[in-house]
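Submitted below is the structure of interest, expressed as structure tokens.
In this document, chain identifiers A, B and C correspond to the written order of the chains, with residue numbering beginning at 1 in each.
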Amino acid sequence: MKKEMYLNIGLMALMLVVPLVAWVSDEPFWITLATRAVIFAIAGIGLNFALGFGGLVSFGHAAFFGLGGYAMGILAYHAQTYTPVFEWPFLLEGSKSMLLIWLVAIVVSALAALAIGALSLRTTGVYFIMITLAFGQMFYYFSISWSTYGGEDGLPIYVRNEFPGLNTMDPIQYFAICYVVLTLILILVHRMSQSSFGMMLQAARQNEKRVQAVGQTPYSLYLVAFTISGAITGLAGALFADLNRFVSPTMFSWHVSGEIMIFVILGGVGRVFGPLAGAALYILLEHTLGGLSEYWHIYLGALLLGVVLFTRGGIYGLFAGREVAHD
Amino acid sequence: MTNNPILAVRSLTKSFGGLVASKNINIDLYAGEIHALIGPNGAGKSTLIQQITGGLTSDEGEVYFDGQEISSLNTAARTRLGMGRTFQISSLAMEYTVLQNVVLGAIGFRGKVFDFFNNAMKDRELINRAETALVQVGLEDFRTYRTSDLSHGQRRQLEVAVALTLSPKAFLMDEPMAGLGAEGSKRLTGFLDELRKQAPILLIEHDMDAVFSLADRISVLVYGEIIATGSVDEIRQNPQVRSAYLGEEDTL
Amino acid sequence: MHMHPNVIYKKETPILLMKSRVGKFKGKSMSAILFIEQMLNGLQFGVMLFLMAAGLTLVFGVMGLINLAHGSLYMIGAFAAAAVAAATNSFLFALAASLAVAAIAGVLIEATIIRRLYKRDHLDQVLATFALILIFSEGTRWIFGSFPLFLDRPDYLAGTVALPFGIEYSLYRLTLIGVGLAIAVGLYLVIMKTRIGIRIRAGENDREMIGALGVDISMLYTLVFALGAALAGLAGALIGAIQSVQVGMGEPVLILAFVVIVIGGIGSIKGALIGAILVGLTDTLGRFLLPQFFSLFLENSTATSVGASLASMSIYILMAAVLLIRPKGLFGGA
């Protein structure tokens, strides 16, 4: 337990120190890398809520990542062209306000997760994996064929959205925003994991009969967890789109679902801070291996294969040992 | 004792393909009693338990609980009405500590499951309820053990403890004595003897000593049918029971 | 997150096909003829999906494994065919190569990696086979480069063939339908009538029993995996001659094959065939009919765009509808 806490603190400190050093030494590239890691971590924390706590192997989380991205893209696009998003049933104007965009991203991806979850959770096991994957692809093909917002080419946004009192175009300030969001989400997820809901959800993962025998329905628990999970990953999508000032169908691609899953696995399934460790390691690998070879995905694949076949519990399993139930 | 049964099973029938697993079954459970259900392996006890608890849909017949028809309710809803149960094969959250498992019951009893922010393991109300149940079954010294590290007998005790936290109106216990050993069986027998005052127990059990010392009434299930229901003495002397089932055992 | 989107129809989309034919026919019969052509296209697409789905569903039914790398075997088959066709100029050699190379690749990964995954949970299977995709895709890109290769259909299958009612239809596509259906029948006979099929079905129902029968179970698993791989490789080569042969070509097909077996019911060959034809027809006819349907009451460009968007979602809507009624698929176990 102690070890895990040290690892958490160390990680959070590292994620803060790297961009600060880069800022002082005027290396904005490293700030951007750190921002990417933070955003990927948020996406992973979202998936981990369903996968780690609820045991729901969703291979379609790109759907929520992409929806968050397009929520940002569409609102900002209409703001920069001075056109309304829609006029019926009520008038919705575009927006450049990050806070409003986040809210929309969260609501839209939560609703999508609710709908996808309600259908997919009727099944279990390998059906659930394939169905979430298929729904993710549905959004992918839809975004490609939806020409209003750029279709296959995607949608560029010229200026990063606005946050009260900050210059979001300054890399370190945008990093700070993402870091604070990450911290808030970690606190939230940590609290949820220890709450009555979190305990019951994790019990459902371990033994559904147990949960039914204390009067609870696993389906409801899973559906709520899946919705929260989608909302968090959706917020990460909005942040990612704003980082790149660009959204495109690739955000919906199933490779993204796979990568979000990799963050969770590399870090350690079911550990609150696991996805942060996983995302940081992933970004580091992408940078170092990507520097070695254009075909760095071969090495990534081999590494992932090794992790799956020969290790248990990812980075957290390696350094913090078997998870002891918290009390 | 003379009023309506808490649990009433009426004409329950279930078949799988051509195989009739339970046929026209009637069982009553009245306040204050232990009603034992016995029968050889393969008699259809697990099917019947699942029909009563909501794990299987019956082809025919009804289940009444506390005066209400519950045949169409799922397991969770039946539990919420006050049907507490323990499993033949322990069904616990194995990664959790003993205390955490009992707290699950306390959360279920309180009903506020969609509380996302308060630490359940620091909630006095939940912990008190959970610890009371642990003390009742004698597991209080094991509260910090990981459940997977418990012996089989201790897991049975833990199942009973979780059921206790729900303050059910009736218990369904599926072989709670299995794996307990002589000392543990004796202790649990004494405990169940007291527990029947709190809520009646439908007891499925192989340990005949426990059944004969505890049961107010016994029903005998053979090939999916109840062949006899009666007091311990009536069952001991029933010729049909002796030939169909008890005759095989010299312990009588 | 840098992958290029892969679109299923590359060289020859049904819409293009439609336009090129418009001049040949007159009046009402034209739309009926087009409709029948699209039906045939859907059927052709469906039987090719079946070749993919059959392997996936067998591997899942017998070994309990979800194999994402099945799409890589499809790609490997296509590349093997393109390379051999370029060297020998023989389409039949190319097809033989696609079967053989995909089967060999299948045996290799089964013996080294996949075998270790049978007893693991689905999460491990997903991740390990996802890792295999990364390795295969980048490895292929490294060897063959990023540019698409072309695999030409042979001259004797070029051109069209005259069908009843004045329909002219691509001979190659018609051949694909025939080959696909023949393989479906063959597979059905193998599984229902032969000793090896009985063993496969025994393996599906009861792994303990098949061990008790004295069957070398790991040989059987390797064989089933190789069979699935060969079918996927063949599908890759056959489709590669209509579309282009490129890295990542297996992924969209893989996901469609998942939709197929979810609809048909995991483990059921019959379900895979019916699911594949349903998906093939829904997808092709959706792309053909939906834009026309919307043009009845929307202006042309909007109708095309709305129709195309909805068409891209149609098979997923079909899947959702099937799941609402039968969560285990049309032919899945109870």
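The rule we apply is simple: a contact is a pair of C-beta atoms (placed from the backbone, for glycine too) under 8 Å apart; a residue touches a chain by one contact, two chains touch by 3 or more.
If you're wondering where the values come from, they're calculated on a predicted model, not measured in any experiment.
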Greatest separation from subunit C - chain, by CA centre: B
Centre-most chain [mean C-alpha coordinates]: A
Separation of mean Cα positions, subunit C and subunit B [Å, integer]: 51
Separation of mean Cα positions, subunit B and subunit A [Å, integer]: 44
Length of the line joining the C-alpha centres of subunit A and subunit C, rounded to whole Å: 31
Subunit A contact footprint on subunit B (complex, rising order): 74-77, 79-80, 84-85, 87, 91-97, 99-101, 103-105, 107-121, 123, 126, 144, 146, 162-163, 165-166
Sites on subunit A touched by subunit C in the complex: 51, 57, 59, 119, 122-123, 125-127, 129-131, 133-135, 137-138, 140-142, 144-148, 152, 249-251, 253-256, 258-259, 261-262, 265, 269, 295-298, 300-302, 304-305, 308-309
Residue numbers on subunit C that touch subunit A, as the complex places them: 1-3, 5, 7, 60, 66, 113, 116, 122-124, 126-128, 130-135, 137-139, 141-142, 251-252, 255, 258-259, 261-262, 266, 305, 308-309, 311-313, 316, 319-320, 323-324, 327-329
List of subunit A residues in touch with subunit B within their complex: 191-192, 194-200, 202-203, 206-207, 209-217, 221, 224, 323-327
